[in-house]
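Both of the next two complexes hold subunit A, though its partner changes from subunit B to subunit C.
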Partner chain A sequence: MSGSLLLQSLILGLLLGGLYALLAAGLTLYFGVMRVVMIAHSAFLILAAYLAWFFTTQTGLDPLLSLIITVPLFFAAGYGMQRALLSRLRPATLTMMSVLLTFAIALIIEGGLGYLFSGTQRRIQLGYSSASLELWGARIAVVKLVAFGLAAVSLLALYLLLKKTRFGQALRATIQHREAAQLLGIDTDRIAGFGFGLGLATAAVGGTALALDATIYPSLHWHWIGPLMAIIVIGGLGSIPGAAVAAMLLGVTQALLQIPMGTTWAQTVFYLALFATLMFRPQGFFGGRLAQRF
Partner chain B sequence: MLSASRHKTATHQAGRTSQGRSVLLTKLVVAAVLLGLVLAFPALAPDPFILSVGVVIASYAALAVAWNFVGGLTGYISLGHAAYSGLGGYGTALLVTEAGVNPWVSMVVAAVLVGLAAVPIGIASLRVRGASFVIVSIALVLILLLVAQSWAEVTGGSNGLRVPRPFGTDVLRPEQHERFFYLFVALTLVALVLWWVIDRSRLGTGLKAIREDEDKAQALGVPTFAYKLVVFVVSAFMTAMAGGMYALWFGSLDPIFQFSILTGSYLVLMSLLGGVRSLLGPVVGAVIVGYAVEFFKNQYGDSQMHLVALGVLLALVVLFMPDGVIPWVSAQLGRFRPGDTSIREVDAAQLAEERKALEEAKS
Partner chain C sequence: MRFTKTPTASKRSRATLAAAAAVTLASTLAACGAAEEGGGDDEIVIGISLPLTGDFSEPGKGIQRGYEAWAEYVNDNGGLLGRDVRLEMLDDQSSAERVAADYEKLINQEQVDLVVGPFSTRLVIPAAQVAQDYGYLFVEPAGAAPEVFEEGFENLFYAAPAVADDHYKLLAEHILAMPESERPKTAAYASMDDPFAQGTAYGLKDALEEGGIKTVADEVYPPNTTDFSSIAAKIADTKADMVVGGSQYQDGVNLIVALQQLDYQPKLAAFSTAPTETEFAEAIGDKTQGIIAPTGYTTKADYPENQEFVKFYEEKHGEAPGEDEANAWTTGQVVAAAVEAVECAEPDPDCQSKLIDWLHENEVETVVGPLSWDDKGRPQSAHMIQQWVDGEIKIVLPEDQAEAEFVYPKPAW
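== the complex of A and B ==
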């Protein structure tokens, strides 16, 4: 194995890890505000990728511009979904039933995409699709850098939003202790809805980034949901930094394992890490009090 | 006065037991009629296609009852039971083709092996509650799908794995369907009896305590982890039996269909629709959903609309009748009956009489 190949895999792993981190942050937000495991997250990811593809084929503009439409749209959809559907479920069985409800939504999205756009594999062709940078012998495609940049900027924006604004404070208070937040005058129902919308907005950004350099098809979301679920459990459910670290580590491991093992077997690293985590440290590596019980 | 009141309570009690007996009798008669209808189905089916749909539904019933060991008794919802049915199917097929074992023996051996494999999986996934359990169940199916597709030397990969028929070549296709229909019904009955026995045992009581409130159950001394593990392994074993039988009937295995989250979600939908808390709920659900699935596939063919239909159905069940259709229907019927109250409908005079009778009996 040559050094440049290793370096290339390492960089690709980091770039992929960035996208995983953004999406896992979305999943963590849902879990934080409502203790909900959102199976449909990756289905919305693929939906956003399809919207970006559709936007580009229809208008001929850059798929990044579709973010102007998809991000507000997904934010509204997330808010609506939380207010209209998930908040109707009984609190006692919320975790289990929300899994089933979001699973149903994922099926509806997959089926709808298959019906509208058929099962054909789609790919966006761009002027800079085949452009790449060379760095000490490692070739990195420009689209992957753009995708990573998008993920990194969004993650940073999310971080600043949560840490520096009043809304972020209210959201974190709602996550930490709902009743206490209510006593402080926070409208927790609305905030939970906004948290959900924010989570879904990460899927919109991630989907556009994915559409830049991946071939998409309706059932692709199953390939994403497994790794993402593994990441949030390993990071400790409810911990955004934990999810980000786990995403980076697993992304790099996956990319490095691809060299000797091939793509399919390399994917199993997520599941092996998941089982090992549950065997030896069920609360994950960064999870606090919250993760113990879930 | 005294004798009169005693006489009254005696007839009251007698009335109650005879009422209980008649309810039991009605239940038995209904069960016998239903079973008779089920057993007569192959004779009534107009053509082999309908018969094969019946076999699919019977296999779903066996799988759904097997799922309900975990889902109904403990409230842990597994979306990944296709992992165990798929493993059972592949295990059976490999034992028959590679080792030349008798098909029925291989079915049982494969199921036992799956049961053993379920022990470490259960230890990993049952230590955490709710969300993580579901995540692990999904991850298990995805990992097995990857392995089955990549490890083509053993599983045949996407080309599929052919399973030789357990009956000789002189047994024709419709005859095969008929025999397998009875076999699946028998397997479902075995699973139902086992579920009924567990439901009424100390184990079942403990499991239901876990379902209602795991912390309290643990505080009361229920060995929650061991109980969950036992029923998890039983469920995996029964699921693998049904999967193995399916492999012998269908005759060919493809990873995409064997290790599919969709199959697992069918089982959840069936049990939930029928009612996870009742014995026959999953069977009722299997008949409704199994028929609907076959209907949608026929109606929409290759388009993906059957996914949308399944998704909408699942969402409606989760939102509006999470306890299942049987409790929902009986609740709707209950509207026309006199309402249940917690107020005892006896007046003070009657109560005083009863108390006096009790005191006199003591002295």
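== the complex of A and C ==
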């Protein structure tokens, strides 16, 4: 194994980890806000990727511009979904029933995409798809760097929003103690809806970042949901910084393990880490009491 | 579910949702088969079970279109041995259990004169077993994986140019014929963990290793892999002179882009399947320069049989035939050649074994060129090699079919 391959793999791992962090952020947020397991999150990622692809093939413009449409659209869809569907589930069985409900939504999205765009595998044709920068002999693909940048900006924005704004305070209050938040005059139902919308808005950004450097097809989301679930459990359910750190660690570990072990075995790192977490620290590595997870 | 109307069918009618579709199709079929009563001396009935629903329904329907077009063509041109050809088609729903039962029924109850094969390895093997038990000739349009030829079938013939391992045969010969100084010295391989895709890459690997070209990377990835950057990094790190991908579609495309992102510039890059798909150029734009792919069928091959097939098919369907349609048509041609030569098409074992023996000893002119088989039914021909030249995919090998010169070393991508 050469030093340059090691450096190259490290860079690829960091870039991949950044993408994982962005894709997992929404998933952990839904759980934090509402104790909802959102199986359809990855289906929404693929939906956003398809919208970016469709936008680019129709207009010829850069897929990143599709964010102007998809982010507000997904926010509204998330708000609507929470208010119209998820809030109607009985609190006692919310977590379990939300799996069923969002599973159905994932199937509807997959079927709809197949119906509209067929099962043909698509890829956005970009002038800069194979462009790269050199760094000490290693190569950094521009598309991967853009995706990483999107992840960094979105996660930072999300963090600031939750920490520094009144809406963020209200959202965190809702997460920590819904009844106490209500007593303080917070409209927790609306806040929960906004929280869900926020999660889905990250799916719009994540899906677009994914579409820059991937071939997409309607059933691709099944491939993503497993690793993303593993990331948020390892990071601590509900913790966005936890998910981000777990994503980076797993991305780098996966890329480095591929050198000696090959692709098939390197994939298992997610599940091994998941087993280890559940055995030794079931609350996840960054999840203390739920109340302190932000 | 049945697709033709015969007296037996109406007695055993099934209340399935698809019945309506069957009736529509049956009337189409009846139009090309002369007699609806079935089984007379004035027609040859060919039994087929196809995956018209389920996992393989897309290629299954392609095969169906090919068979139907072939039967129509034969009947337009005076039939076989002066008798009309009628296709008796069943739907096996892509299930291996059903396909065996279907052929059992076709041979035993319907007493069809001939049978031909379904789509894909998983269905071909059980179907061929039934045909073998009854001594029937079994020519099949799809089922290229090595397993098909390891079951000891004596009645099976694969109606395509080559089995998976031989897809790159012409490329291997071409590379090894280069002067020692120009030849690539090292090669990197990446293949999907799939018998067909791996067969293509490893067939080339074995041939090149024997010729002294060193293997410097050999990566296998599971079919669900979508991120190829790490595999690409390992290949790029070896600086191999050539790279070979045992790919299907998305894996091939993603690997090519990942290699480009690392600015890896091999002298030769060959990938199976992906580069021949229409979506390929749309996905990676103008960065296709010099990419090589083997292909079992192209409408551009100038065998006279092929020109006629393309013309007939385009007139009927308004679009060019694909590989599935061509493979079904080839199957028909192979059976027809044997029938015309030994002048019989009956269920009795004597006639069937004459047909089998004839195909073992003779060569047949088809839309994919002349075909002959070894004793296990492996076709002895080779896939054509295509290469992307100036934004178009063109035949470069064999030389007598070439539309463009083989470009080596390949231009930067």
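In the analysis below, the second predicted complex is superposed on the first by the 288 of 294 C-alpha atoms of A that agree within 3 Å, B and C clash if a C-alpha of one lies under 4 Å from a C-alpha of the other, contacts with A are read in each partner's own complex, and residues count from 1 in each chain.
Methods note: a residue touches a chain if its C-beta (ideal position, glycine included) is under 8 Å from a C-beta of that chain, and two chains touch if they have at least 3 such contacts.
Note that the structure is a prediction, hence the values are computed from the model and not measured.
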Partners on subunit A (subunit B, subunit C) - clash or fit: fit
Arrangement angle, subunit B at one end, subunit C at the other, subunit A at the vertex (C-alpha, nearest 10°): 70
If touched residues of subunit A are counted for subunit B and for subunit C, the larger one: B
Partner chain in contact with A:Thr95 - subunit B first, subunit C second, else both or neither: first
Which superposed partner A:Arg172 touches (first subunit B, second subunit C, both, neither): neither
Which of subunit B and subunit C A:Phe275 touches, first, second, both or neither: first
Partner chain in contact with A:Gln258 - subunit B first, subunit C second, else both or neither: second
Contacts of A:Gln8 with subunit B and subunit C, given as first, second, both or neither: second
Touched partner set for A:Leu237, first subunit B, second subunit C, both or neither: first
Which of subunit B and subunit C A:Gln267 touches, first, second, both or neither: both
First, second, both or neither for A:Ala214, with subunit B first and subunit C second: second
Three-chain overlay, closest Cα atoms of subunit B and subunit C, distance in Å: 5
Subunit B and subunit C contact sites that coincide on subunit A, given as residue numbers: 262, 264, 267
Contact footprint of subunit B on subunit A as seen in their complex: 31, 35, 37, 39, 85, 88-90, 93, 95-97, 99-101, 103-108, 110-115, 119, 218, 222, 225-226, 229-230, 233, 237, 262, 264-265, 267-268, 270-271, 274-275, 278-279, 282, 293-294
Residue numbers on subunit A that touch subunit C, as the complex places them: 2, 4-5, 8-9, 12, 15-16, 120-123, 125-127, 129-132, 139, 141, 143-144, 213-215, 217, 220, 223, 254-255, 258-259, 262-264, 266-267
List of subunit C residues in touch with subunit A within their complex: 193, 219-222, 224-227, 229-231, 233-234, 236-237, 249-250, 253-254, 257-258, 260-263, 279, 282-285, 287, 413
Residues on subunit B engaged by subunit A in the complex (per definition of touch): 75-77, 79, 123-125, 127-132, 134-136, 138-140, 142-143, 146-147, 149-150, 261-262, 265, 268, 272, 303-312, 314-315, 318-319, 322
